[in-house]
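Here's the structure, in structure tokens; my notes come after.
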Amino acid sequence: MSLLEIRNLDAFYGDFQALFGFDFDLEEHETVAAIGANGAGKTTLLRAITGMVAATSEVLSYRGESIQSREAADIVALGVAMVPEGRRLFPSLSVEENLVIGGYSGRPGRWSLERVYELFPALRNRRSVPGTALSGGEQQMTAIGRALMSNPDLILFDELSLGLAPVVVKEIYEVLPVIKAEGTAMVVVEQDINRALEVADRVYCLQEGRLALTGAPGDLTRDRISAAYFGT
Amino acid sequence: MIEWVNSIVQGVLTGGLYALFAAGLAIIFGVMRLVNIAHGDLIVLAAFVAMVTIETTGVDPFVSMVAVLPFMFFFGYVLQRGILNYTLGDDLLPPLLVTFGISIVIQNLLLEIFSADSQRLKAGPIEVSSVELVEGIELGTLPLIVFVIAVALIFALQIGFSRTRLGRAFRATSDDPSTARLMGINQKHIFGLAMAVSLVLVAIAGIFIGIRTNFDPALGPTRLLFAFEAVIIGGLGSMWGTLAGGVILGVAQNIGAKIDPGWQFLAGHIAFLVILVLRPNGLFPRTRDD
Amino acid sequence: MTSRVVHSTRASRIGMSVAAVLILVLLTVPWWGDRATMRLLVEIFYILALAQLWNLLAGYGGLVSVGQQAFIGLGGYLLFILVIFLDIGTIWTVPMAGILGAVISLPIAFIVFRLRGHYFAIGTWVVAEVFLLGFAQVKALGGGSGMSLPIAAIKSIAASRADRDATIYWLALALAVAVIAGIYLLLRSRYGLALTAIRDSEEASRSLGVDNFRAKLMVFILAAFGTSAIGALIYITKIRITPSAAFDINWTVTIIFIVVIGGIGSIEGPIVGTLIFFLLREPLAPYGTWYLILLGVTAVAVMLKAPKGLWGLFSERFDIALFPVQRRLLLGTDDKPG
């Protein structure tokens, strides 16, 4: 049984349709990249998985259990965590409180404050400042740590590298193997195609709300990817 | 001179009560951006619930809290989840108009059941006892107790907000409701709990009104205005701001009453409007922008 | 799509014709109607006009005021001040109260516009309380116990009682028609689109280049103008004024219930709401309190289940608009509803 199975997903913002008949699969422990131009529907896909956007589908199941019309909070409790676009730390919470609230649903597992600080030592000294007082890279680390605190089996990363300096991006991407080694499945949404291809077992390329191309990075040529990315 | 000092001291004591009214309003505004127009009527409702409890069981008003507080907690949770959650969204009209309708319904139901007569919760000899601070300044024991409890409650709320799991969930939801849901926070439940906590404060405030002064079904709207004014004067930075707002309002009213009894409430409203013009974000605003 | 436009235009043309005939018939009432009917109609006219003005404020301007009684009472007191202290002809006080009310609304706007959204609502209420408590302090106006119009001022309207009743009746009818026509024309003008855009989304309208502040201020002043003028008219019919009655929140309660139940954000809604209010009030008057409770429960239910009110239900079902003005822009929302 796959971890996540999506068949024929349509997603809507009011009258506007952002995804059209989308199919998506994810196996346990697998890392999948979702790439596509701005506005292609990548964020919407992640929102549909976490129940944050109005969506209909034939199948939307997590470990065989339908999550079609479940509350976001319930889906998170099943072991899905999101690192949202733009980090979205809580400004009135300190860094440590931001991490702690990641574990709100109380799912047991291997992650703890201590282990998050081991993974991101820079955060330890900054634990009591407001989340918004951090640099962009530290904010991204906090957002990742916050997601880990829920002990997820699946993490959805939205635009990890957006707005960060290349050295910081490198540092952030270095923790993905550590998370993967815990057996956590990942969906990595990226505009930086090379980064995405490096970490992914498989790639989904979205174009204007539809699936344009999918396959293993090794099987796809650059030309096919850029054709799918930009549309030809 | 000492009479003026006395007015101010009495105003401070009244202000503690106003801060209690305001704290409940501030919590739900903070957590879900809802201004509950029925807030004042819920205070009066709580006073009547206490009155019935006292009449049927013969307990002291303070003891009646054992029943009234859980009742109002439950009432708040059900009100939020049963009705108010369905009004929340981008549009400001539904929550305003629905709480406005609820306000009128509560007022008139109370009027129908209990008549327009003034009521009072009898607390026994403590009502008339007082302590003399210095010559010319006498503090009623009851107002003093009410003030101390109000300050203690505000202190407890502040701690609760900053230190507990529920407090964090309140703050996170207030900051960014959709990201809070991604943390596994059930928004509808959190809103229900916020209203429940608000109505516990309302219940305490209602019982205190009942033992400090008279109350009747028509009292709600003015209490709503006092609560609202205290919240705005204090700014939305912290519960301490709300306490300060209540105290400033209480002092302004007492000074007004000292000048002319007809000026009591007028002076409070004018103080509020002046502060609104001079400091639109209140005296202790939130430091960050939102 | 085309047929739809034609359809509503025809409905609106029929609506206009019916309205014109109705106005003509209403104009003749003083010649055949009895005194009680005329009094009831006068009340219906001014409540309808007040409801339309509140709908303009809240339904189009997004300014949910619960303090419009400030202007009703102000208009009433201006009547007494102008008549007694400045010797102005009684009827003339109506437009003058409107103008003065509009002028006084400026400093009020300066204060309450500092409060946004929900807070604005309660801020306007505080202002109304200040008026209530303030006028109660003015000894020259009778303080808390108020005052009555001098006989001479009443007589100055017209010599005979029948003529007075007719004059007041026509004045009330003219005010109601003028308010509805004025709002209709305003909403059909380019300001109308600006207002609708603001009501639907402050942010979106700003990005469309709409000056929110100016548009809202204009609506606030216009509503103050109309409401104050109607306030003067109301107290010409009532003859006696007291602060607690003139600045009673129940004015606004009634208006809000009428608009919400009839349908907020349309011109037809307040008309429907006013008719329902008066139709139900006559038989239910003996139950006093219960009538208010019933209205409150109905308003809450309407807001939850049919936020566009009874007229909204009806016009959606049959796709009819008698007073077509630009409709709401629908924008996507961030989250799933609920």
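Letters A, B and C mark the chains as written, and numbering starts fresh at 1 in each.
Basically, a contact is a pair of C-beta atoms (placed from the backbone, for glycine too) under 8 Å apart; a residue touches a chain by one contact, two chains touch by 3 or more.
Not measured: the values here are computed from a predicted model.
Counting C-beta pairs in contact, the chain pair with the highest total is B-C. Using the mean of the Cα atoms as each chain's centre, the chain most removed from chain C is A. Mean C-alpha positions place chain A and chain C at a centre distance of 52 Å.
For the pair chain A and chain B, the distance between mean C-alpha positions equals 43 Å. Taking each chain's centre as the average of its CA atoms, chain B and chain C sit 32 Å apart.
Shown for chain B are the residues that touch two or more other chains, namely 178. Across the assembly, chain C contributes 333-335, 337 as residues in contact with two or more other chains. Touching of two or more other chains is recorded for residues 52 of chain A. Of all residues in chain B, only 29, 33-35, 37, 83, 85-87, 89-98, 100-102, 104-105, 108-109, 111-112, 177-178, 188, 221-222, 224-225, 228-229, 232, 260, 262-263, 265-266, 269-270, 272-273, 276-277, 280 touch chain C in the complex they form. Here chain B touches chain A in the complex through residues 165, 168-169, 171-172, 174-176, 178-187, 288, 290, going by the rule given at the top. Touching chain B in their complex are the following residues of chain C: 58, 62, 64, 66, 110-111, 114-115, 117-119, 121-123, 125-127, 129-130, 133-134, 136-137, 144, 201, 249, 253, 256-257, 260, 264, 289-290, 292-293, 295-297, 299-300, 303-304, 307, 333-335, 337-338. Residues 50, 52, 71-74, 76-77, 81-82, 84, 88, 90-93, 97, 100-102, 104-105, 130, 132, 146, 150 of chain A are the ones touching chain B in the complex.
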